[in-house]
Every structure is written in structure tokens, then in C-alpha cells.
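Look for subunit A in each of the two complexes below; its partner is subunit B in the first and subunit C in the second.
Right after this comes the complex of A and B.
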């Protein structure tokens, strides 16, 4: 490591330098934000206004507000005025409650051309805030690769050219940590944000946020994965952001009521210690605990979301993945996280690619990696999943989009829409791990068919139709994207509420807004359209709140308190909701309740909807879902679950399937399901205070207190 | 007949909560079971008899990734 570090150290060329007196954090806020322009090297501080705190709170709210002010309706993702905004939120950085180290990243997406947000762990967000900043705006584009250093100890920000290789994120994170740290022990005070070569060649680039692991003596990575934020990062010629802050303490947020934070933290930590081993085993398996139940309940996406389970899924089951994790101790991405869902495979030796034969550390695999890269592509091989996970991360490409892209390509390949000549010799049948891995390398390195694949499903549909004669209607049905973003990895066909949970979203089909499959399909708690709509109001608002605060969602519902068994609304985990109300009040000194909590989110959520309108999106047509997300597209899908679908036709649709051809049954089912989806949209929009076209009503915006003149103007233009 | 999460299934004489969950293929580790409105603790699932005509709610406590 010393070779590249010395080269970096001696090559540092400071392009701009800014000195500041780090702000004293007061009740969760620094009161200042940092603006950095990579084109003209301007660095400046901005004040956080009371209106920002009251309306936008922090995190995603601050990101949206700054981006709104930075860009115009005609701005494109790769225009210099597009910004990447990173904001941790007022609760971020407390060390007494699990999952409190998150940041939200907001930008214009190269996949959707509209607003993208992504929630990410690692040390960067808290360290950045404690360095004196509530948000970071990066605007402009550099001529050559640059690094932005934020030294919270010295009160110094620099834009620098450094001789480095930005192609492999895990190495760059390691190297920049070493460069910035004074000693081995000091490395824990450094966090790096970087991407990789894949972000330069695809639209699905990610940001890796590092957290230094003192036990392993290495920088670990957490991802802001969705929507191509890393692609914007590299388009700006930004190689990395580096922050250093050495004075972390349990009171760094200077909260109003530290005793209440401590009490709330002790309570949930006891719950975790008592129940985790018999509940979700987050400390043992992390999110990979979902692999087995998703397959058992026919919810694991298989073969481009055709099916929900597979006989070979045992090859990547929760227990198989657990057996591959090498650490046997709790492992979290922020200080004090007792839920400790991070998992890693130490000393994995890749069989392919630029790190073939070398020992590497693989962070994960998590559920989405195994489900998307594995099951959805028909590959049930744990080694493949681990290796694909490693390369996606270090190339800086999104595992979720990559899984859905490859699955789509595989179905097109098997249908003859594309062939070996088009793929450059890759036989991309479902289950071909070797070909899939090569495609990931091509995406990561900008070679061959990978350059096309990296454009994402929406653009692939167009390319396959225009250049290879693919049937646009069929590809529309099976191309699992909405708004241009690839679906995350849950089979939603049998849950109407989740179909809305995916497509009636602000940024596209990521499950962080709503995950209602079990409530709807299994528990049958949402039997009417009105109940589904209520859930599609409450849960997106509730989950949005985590992104305003700098919190992780997992400690909300991946540990269940004893009180829940007798609760009237167990799906909300009321005791934990109260914990969050208490945390907010304890940090900020305010006095909100659980209803105001939802209102806080509602303001930001509706503002984001209006922002989408401003960018030319955000109406009903953009909430359409591919039919594969709603029901069986093909006869083989129907016949694979014929008993279920025949019963539904008879009991729900009122059609006797006896004597009907499969094609006719598919058509009848499609008509029924599409009508139900349209009805769902109507009822959800009404509940959310929107018009039939999905536009927030002016009276609703006024009621929320976000009827700013520029917001009203956008809405009026869309009524 | 009994109703489980709104779906009717044939009642069997030796139905316990455990057997009902097995019949439904409910394998998830965290389920709150109510039989005719009464919560049945997990430790009692293997012995608690589910009577004919019962309304069973098996709430899977999972809200996703």
C-alpha cells in the first residue's frame, strides 16, 4: 500500500482551499452547509434557515431544497448545474440508538432524468456533520479527476488533484483513508465516498461510503445504490470525497435531552439482545435472512420476475449465505448500532476479473444482491453471488439494477430478441453464471455488450426494438422498470398494494417507500382499496421520515418488542414509532407527536412530487407499471401457477376457466388486474390529496405549508 | 371450516395452531397468532386446539427490506 500512498502524497496539488471555524452543533444541527463548485473552485458556507429546519427538516429534505434552487426544469443529469447533495439529518450521529449513522444523497438521475434519492450508511454523514456542516452541495464539473478533502479537525476544505486510480472503489477507499490518517488508530476517524470505473461507463453508478473496521484493519463499504448517483459523481470528474473528524463522542450532537436518548437506546438494545436470535437474526445473517422466507412464500424473483420461487434456491438460502459469512461477531456500519446487520466474507478469492486470485473482502451479500444477481438471473450459486457482489461494489455499479438488467437481457436472449452475435458471444441464458459474470466485467470496464447493458432496462427496450426488431409491447411487459429505475427484488404479482408500493413512488420502484406484500397478500390486512390506499399513504410517509433524520429503517421493524403482540396495529410497531418521536424531541428539543411526524414527511414527499412535475414527470402516466409486475405475461407463467390463477378467475373475476385456452385465461386475468391497478391509483391519489392525474392539489399544499409561489406555479401549470 | 387470514380451509380434528400454520405453509419466524381474537403465545402453539369455525389471524411481522 505504501507505493500508491507515497505517490498520492507527493502528487497532491491544491486547486482551492477554504478555512472555516467548525460550527458548534446545537441540538442536531450545525446551522451551516457547505457548497463546493468543481468548475470554478468556489467553496463557501451557507446558513441553514429556520424555514429549512421547519419545512425540510434535514437529510433528503435539505437535498431536495438545494437541488430545487440549483437547477432549472430543462437541466439534464450531466449538466454542470446538476448537484449531488449529501445531508445526514438532525438525528444522524447519535451513538446510543441503532441505525443512526445515515446520510441521504439527492441528485438528478441519469436513469430517470428526474429526482433521485438514496439512503446510505458508513461514517461520512456523521463525521461531515460534526465537522460543522448539515449538508454538502457539489456542483460543476472538474477538468481532471479531483478529490474534495474536508478536515473537520483543522477546519479546512480543499479541492485537490491527486495521482490516483479511481477504477476500484475498495482500493481507493483504503488508500485515501491511509493518506488522511496519522496512524492506524486514526483511520477510524476518516471516511471516503468514492465510486468506480463502472460508474463512468454505465448509468447505474453508485457511491460507496466507507467505514473503517479496526478489527479487520480495512475500510468497509456501504452503498448509495439507486438511480445512478455514482454516474453523476464520475461525470463531474469527482474521484472521491474524504472527511476526517477525530472528536466523536456520545454528545457530539449536543442534544436537548441526552438522558432520554440514552434511555430509549438502552431499551431497544435490550430488545435486540433478548430477541434477535429468535426473530430475524440480523446480527447473524443480516438482510440475507429474507432469502429463505421469500422463496417459501413465492416472493423471490426468479427468471426476470416470472416466478416467485425455485427448487434450486436452497443454493443461496439464508443458511448457506450465513455459512459463508466469516465474522462471528456483531458488525455495524455506525458506532453503537446494536442491530449490527453488516456482514462480510473475508479473504474471498475471485475466480475472474482484475482481482482474480487475490484475497479480497466482500461486504455482503445482502438479500437484494443474492435475490437480484442470483435468483432473478436463475443462478443459485453462492460463490457467484459473492463474487458478483464484490465486483459490482468495487466497479461502482448498483447490484439491484444490475440484477434486473441482466435478468431482462436473459429473457430477451431466450426469446430470440437478441443473440450471440449481438452479445459478443455471451450465451446469456438464465443460469449461465459465467456469461453473467463476464457481462458484469464488461459493464464495469466499459467493454463490449456491457456498454449497452449499462444503459438500463428502459433504454435497452428501445435499443432492442429499434436495432434488433424486438416487439416493443412485449418488452414493455417484461422490462422491469418504472420511471426508468429498475425494480428491486421482490415479486409483487400477488399483492396489489405492493404493486402500488413500487410504482406509485417518487423516485421509482425501490422498496424503501413501502413494502406491503405480507400485510396485503399473506396477512390479508388490506382487503379493500381504501385500506390499501391508507397503507400507501401511511407507510411511504413514515418511511420517508428516516431519510429526513439520518436514520436506518431496519431497527424499526427488524426487531419486534414484546408489546407488539397485543398492539392494535402491530404492522406499525407502535412502541418503536414512539421511540423515534422521543429521539427527535430529545435531540432537537421540539415536541412533536406521531401525527406531526407523518406531517413532516408529507411536506417533503409532496414537495418531491412537485419537483418531479417541474422536471416534466410526476403525473399518472409515469406511475404505470410493467405488466410483469402486476400479473402473468406469458402462458408459461400462467401455467406455472395454474391452480392459483384459475381459482382467482373463478372466485375473483367471475369467469369459469374450464374449457378456456391458456391464452384466453391470460388475457382475462390481465384485463382484471389492470383495471384493479387503475382503481388503486384513483383511490391512492385521493388519499394523498392529489388530482386524478397525480398532481398535489393546491389546497393540500397550502394545508401542508409548502404553497411557496414557485411551487404553486408548477402545480398550476399541471392542473 | 376455519378461516385463516380471510381464507377458508377445511377443519381437521387435531388442528393445533402449529398444524394450522404448517397447513398454510407459514414458515416465517415471527408471527403473532390470534384465535377468535385471543393471542396465543408461541410457546403454546403445539398444544392450543383450534376449534371448528374458528377465525385465525396469523400476522407476519415483517415490513420488508
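Right after this comes the complex of A and C.
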């Protein structure tokens, strides 16, 4: 390890330097944001205005606000003008409540060409705030790879050229941590943002945000995974961001009411200690605890979202994955998180690729990775899922998009749309782990068919149609993308609410806006269109809130308090919602209630919708879903659930399935479901205060207080 | 290793232990800032005496390795490393990792024995385990 670090140390060449007096944090805000331009080396501080705090709050709000002001409607993701904005939020950095270290990252996406946002844990956000900054704007492009160092102890920001290898994120994070730290214990005061070679060769690059694990003595990685933000990062020739901050304390946010924060934190930490082992076992298995129930409820994505379960799913069940995770480690991705869910596989030895034969630590697999890289591709081998997870992370590519991309490719391969010649010899049938792993290496290294795969599902459909004669209508049906972003790993097919939860999103089908599947399909709490519309208003707004504050959503409903048993609206977890209201007021000194919480989100959510309009998107046509997300595309899919579908035809559609061919039943079901989806869109738009075309109405924007002249102009052009 | 042993039948609820501890460590006579806290119970029951037994369960949950066992086996918080997350408070099986709203870091008994010297009966005493 000392060789590369000595090389880094001796090669550091400062291109620009900026000294500052770190702001005193006041009630969750530093009051300043940092602007860095990689083209002209400008580094400057900007003030956080009262309007920003009132309307945009922080996190994604600040990200959208800065990006709006930085770009024009014609700006493309790889123009120097595009910005990456990273912002934590006023609550981020408290140490007493679980899940308080998140940041939001915003940019123009190479997949969607529109606004992308992604949330991420790790230590960077809080340390960056306590170093004196509520947001970081990176604009421009460097000539050669650079690193931006933010030293919050010394009050210094530098842009530097450093002799380093940017291809493997897990090594770069480790090396830069050691470079900045004065001792082993000091390493916990450093956080690195980096990507890998895959972000240079694909459109699905990620950012890894590190935190140092003192017990394992290694850097751990959390991901800002969706939308290709890492691709923008590497396109700017940014190799890494590094922050150092050494004086973290329980009062670093200088909150208005520290006692209320402590009381609320101790309450939920005790709750987690008491109930987690008999609820979701987050501390033992993390999000992978979902693998077994999803398969049991027929909701696991299998074979490109064709099916919901598989006889071999037991190979990557929750119990199997639990047995691979080191137990009893405090695996919170920010201090104070008793939910402790970022589990790791220690001392895994890869069988393939650049790290074959070497012991590595694997951050995961999370549910998305096991479901997407594994089940959706028909691969039910735990070693494969672990190794694929590891390589995606270090190559810097999105496990969710990669899973859905490979699943799409496999279905096209099995249908004969592409063949071995086109794939360069890779026999990409469902279940072929060896071929899939090789494809991941090709994506990560920019070789062979991997270069094409890395373009993403939307572009693959076009390439397969134009170059190989694939049926565009069929591929449109099975290509699981919306707005250009690949679907994450939940079966929306049988949940009308989740169909809306995925496709009526601002950025694309990522479940961080709304995860309604259990509510809809298991608990049957959304039986009518009105209830679904209400849920598709409330939950996206509620979940947006976390991204304004710097909070993780998991402690909201992946631990259930005793009070829920006697609650009127258990699906909302009212006691925890009140916790969050209390936290916001306790940090900022304001006095919001549960209604204002939703209004805060509505302002930012509607602003993002208008921003999409400004970029040429954001209308109803962009909320269309591929039919695989709504219902059975093929006869084999229909027949896999024949009893259920026949019943639905009879009872809901009023058609007697007896004597009908499967093809005719598929067609009848399709007509019904597509019409039903359109009706859902109508009721949801109405509930959200939008026109039939999905444009926020002017009265609604005025009511929210975001009727700025530029916003009104964009909306008027679209009405 | 010595911990504070208890014989609750002898306790008269005089509060001398709490006064001694809170004054010595926090310069304030405040039983809520004492690392030994005596709880009156109803119906003629003997009081409950809450004090750390140095079990060490808190050590494993500290995210910054601020809690360690000293050479004599006593569990100690390094206040310089502590980031005030209270995960130790949440996990403590005896409820004797204490916190107070005036204080950013939690606090606990470190077996200094001062309280046992002030106890007028023998309700508390140092016990070798």
C-alpha cells in the first residue's frame, strides 16, 4: 500500500488554492456553499439565502436550485456547464438519531438527458458541512485528472493533480484516506468521493462515498448509484473529492434543542435494540432481509421481470446471505445509526477479474444487488452475487442498472434478437453466471460487447433494432426503463400503485420516491383509485423530505414502534413521522408540523417537475411505462399466473376466459391494464395539482410559493 | 476487577451516594447526573440501585471505539473520542449508561468507590468479580 501512497504524496501539484475561515454552524446550516470550477480553477464561497432555506431547505432542494441557475435548457450532460451538486441538509450530521448522514447529489444524467438525483450515505456530507459548506458545486472540466481536497481543519480547498490510479474505487478510497490521515485513528476523520473505470466506459457510472471502518481497518463504500452521476464525474476528469474534519461532536450542528434530539435518538435506539431481531433483522442482514419474503410473495424480479419467484431462489435467500455477513459489527454508514444495516462480506476471494485470488471486503450485497444481478438474471449463486456486487462497486457502475441491463440482454439473446457473434462469444442465457460476470468486466474495462451494454436499456433497444433487426415493439415492451433510467428491482406488474410509484416519478423508476408494493399487494390498504392516488401524492412527498434533510429513510419504517399497533394509519408509522418533525424543529428552531413537512417537499418536488419541463421533458408522454411493468407481455408470462389472470379477466374485466386462446387473453388483459394505468395517471395528476398533461398548474405553484418568473415562464410554454 | 455490589435491603434512600458522585464528577448535587441512581419502589419494596456492572456490552456498538476496558477491567468512555451518538445508552442491558440533556456525552460508573465510602449502611460496597 505504501508505494502508491508515496507516489501520491510526492506528486501532488496544487493548481488552485483557497483559504477560508470555516463558518460557525448555526442550527444545521453553515450558511455558505462552495463553488469549484475545474476549467478556470475558480474557487469561491456563495451565501445561503433565507429564500433558499425557506423554499429549498437543503439537500436535493439546494442541488436543484444551483443546477437550475448553472445550466440552460440546451445544456447536455457532458457540457462543461453541467454541474454536479452535492448537499447534505440541515439535519445531516447529528449523531444521536439513526440514518443522519445522507447527502443528495444532483446533475444532468447521461441516461435520461434530464435532471437526476441520487441519495448516498457515508461520512462526506456531514464532514463537508462541518468544514463550513452547505453544498458543493462542481462545474467545468479539467484537462487532466484532478482531486479536490477540502481540509475543514485548516480551512483550505485545493484543486490538485495527483499521480493516482482512478480505475478501482475501493483502492483509491483507501489510498486517499491514508494520504490525508495523520494516524490510524485519524482515518475516521476522512471521507473520499470517487468512481472507477466503469464510469468512463458506460453511462451508468456511480459515486462511492467512503467512511473508515475502525474495526476492520479499511474504507467502506456507500453509493450515489442511480443515473450515471459517476459518468459525469469522470467526464469532468474528476478523480476524487476528499474531505477531512477532525472535531465531530454531538453538538456540531449547533442545534436549537439538543435535549429533544438526544431524547428522540435514545428512544429509537432502544426500540431498535428491543425489536429489530424479531422484525426485519436489519442489523443482521441489512436490506437483503427482503430476499426471502419477496420470493415468497411472488414479487422478486426473475428473468427480466417476467416472473416473481423461482425454485432456485433459496440459493440467495435472506438466510444464505446472512451467513455470509460478519455479524455483531456496528455497521452504520454514519455514526449513531443503531439500525447498522450496511453489512459486509469479509475476506471474499474473487474468482475472476483484476482482483482474482486476493482477499477483498464486499460492501453488500443489498437487496437490489441480490435481486438485480442475481434473480433478475436467473442466477441464484451467492458467490456470484457477492463478486458481481464487488466489481460493480470498484468499477464504479450501478448495480441496479447493470442488473436490469443484463436481464434485458439475456431475454433478447434467448429470443434470438442478438447472438453469440454479436456478444463476442458470450452465451448470455438466463442463469449463465460466467458469461454475466465477463460482461461486467467488459463494462468496467470498456471492452467488447460491454461497451454496448454500458449504453443502457433505452439505447440498447435502438441499437438492437437498427443494427440487428430486433422487433422494436417487442423490445419496447420488455425493455425495463422509464425516462431512460432502468427500473429498480421490484415487480410492479401486479401492483397498480407501484406502477405509478415507478413511472410517475421525476427522475425515473427508482423506488426512493414510493415503495407501495406491500401496502398494496400484501396488506391491501389501497383498494380504490382514490386511495392509490392519495398514496401516490403522500408517499413521494414524504420520501422527498428525507432528501432535503440529509436523512436515511430506513429508520422510518424498517423498525416499527409499539405505538403502531394501535395507530389509525399504521402504514405511515405516525410516531416516527413525529420523530422527524421533532428533529427538524430541534435542529433548526422552527416549528413545522406534519402538514408543513409535506408542503416543504411539494415545493421541491414541483420545482423538479418544472425543471424537467425546462429541459424538454416532464410531460405525460414521459410517464409512460413499458408493458412488462404493467402486465404479462408474453404467453409464457400469462400462463405462469394463469389462475390469477383468468380470475381477473372474469371478475374485473367482465370477460369469460373459457375457450379463449392465451394470445387473445394476453391482448384482452393488456387493453384493460393499459387503460387502467391511464386512469391512474389522471387521478394522480389531479391530486398533485397538475394538468392532464402532467404540467403543474400555475395556481398550485403560486399556492406553494414557487411561482418565480422563470418557473412561470417554463410552465406557460407548456400549457 | 471491582464493581459496585448492592444489598438493597440495607438502603435507606438517603441519597449520599448520588450526591457524592454527581458533585465529584459534575460539580453539582443532582441525582440525574450521578452514575449511581437509586429508585424508590412502591408497596414497601426495597429500592432499586442502578449502577454499571462493567458487563462491556456497550464496547461493541461504539462507532468510534471510544469505549474500552481499562487494565483493571473497568469500562471507560474516552470523552475526547466520543461523538455523543448514545448507541451505548440504547444498548445497555441494565440501563446504567446514563445521559443528561446538559451533557453531550453519556456517563457511567467507573468503580472509583467514592459512593461506597459515604454510604451509612452497607447497601453498597466494592465487590471483587
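The criterion applied here is as follows: the second predicted complex is superposed on the first by the 718 of 719 C-alpha atoms of A that agree within 3 Å, B and C clash if a C-alpha of one lies under 4 Å from a C-alpha of the other, contacts with A are read in each partner's own complex, and residues count from 1 in each chain.
The rule is simple: contacts are C-beta pairs under 8 Å (C-beta built on N, C-alpha and C of every residue); 3 or more make two chains touch, one makes a residue touch a chain.
Just so it is clear, the structure is predicted and the values come from calculations on it, not from any experiment.
**Student:** Now for A:265: first (subunit B), second (subunit C), both, or neither, which partner does it touch?
**Tutor:** In the superposition, A:265 contacts subunit C only.
**Student:** Given the touch rule stated above, what does A:78 touch, subunit B (first), subunit C (second), both, or neither?
**Tutor:** It touches nothing on subunit B or subunit C.
**Student:** Going by the contact rule set out at the top, does A:565 touch subunit B (first), subunit C (second), both, or neither?
**Tutor:** A:565 sits against subunit B, while subunit C stays out of touch.
**Student:** Which partner does A:287 contact after superposing on A: first (subunit B), second (subunit C), both, neither?
**Tutor:** first
**Student:** Once chain A of both complexes is superposed, is A:717 in touch with subunit B (first), subunit C (second), both, or neither?
**Tutor:** neither
**Student:** Which partner chains sit in contact with A:214 here, subunit B, subunit C, both or neither? Use first/second/both/neither.
**Tutor:** It touches subunit C, and subunit B stays clear.
**Student:** Subunit A residues in contact: does subunit B have more, or subunit C?
**Tutor:** The partner with more contacted residues on subunit A is B.
**Student:** Show me the residue ranges of subunit C that touch subunit A in the complex, using the header's touch definition.
**Tutor:** Against subunit A, subunit C makes touches at 60-65, 81, 83-87, 89-91, 99, 101, 104-105.
**Student:** Sort out for me which residues of subunit A touch subunit C in the complex.
**Tutor:** 95-96, 185, 188, 214-215, 248-251, 258-259, 262-263, 265-266, 269-270, 272-273, 328, 330, 332, 335-336, 338
**Student:** Give every residue of subunit A touching subunit B within the complex, in rising order.
**Tutor:** My answer: residues 278-280, 287, 290, 292-293, 296-297, 367-368, 488, 490, 511, 515-519, 522-525, 527, 539, 556-557, 560, 564-566, 570-571, 573.
**Student:** Inside the complex, what are the residues of subunit B that reach subunit A?
**Tutor:** My answer: residues 5-7, 25-30, 32, 39, 41, 57-65.
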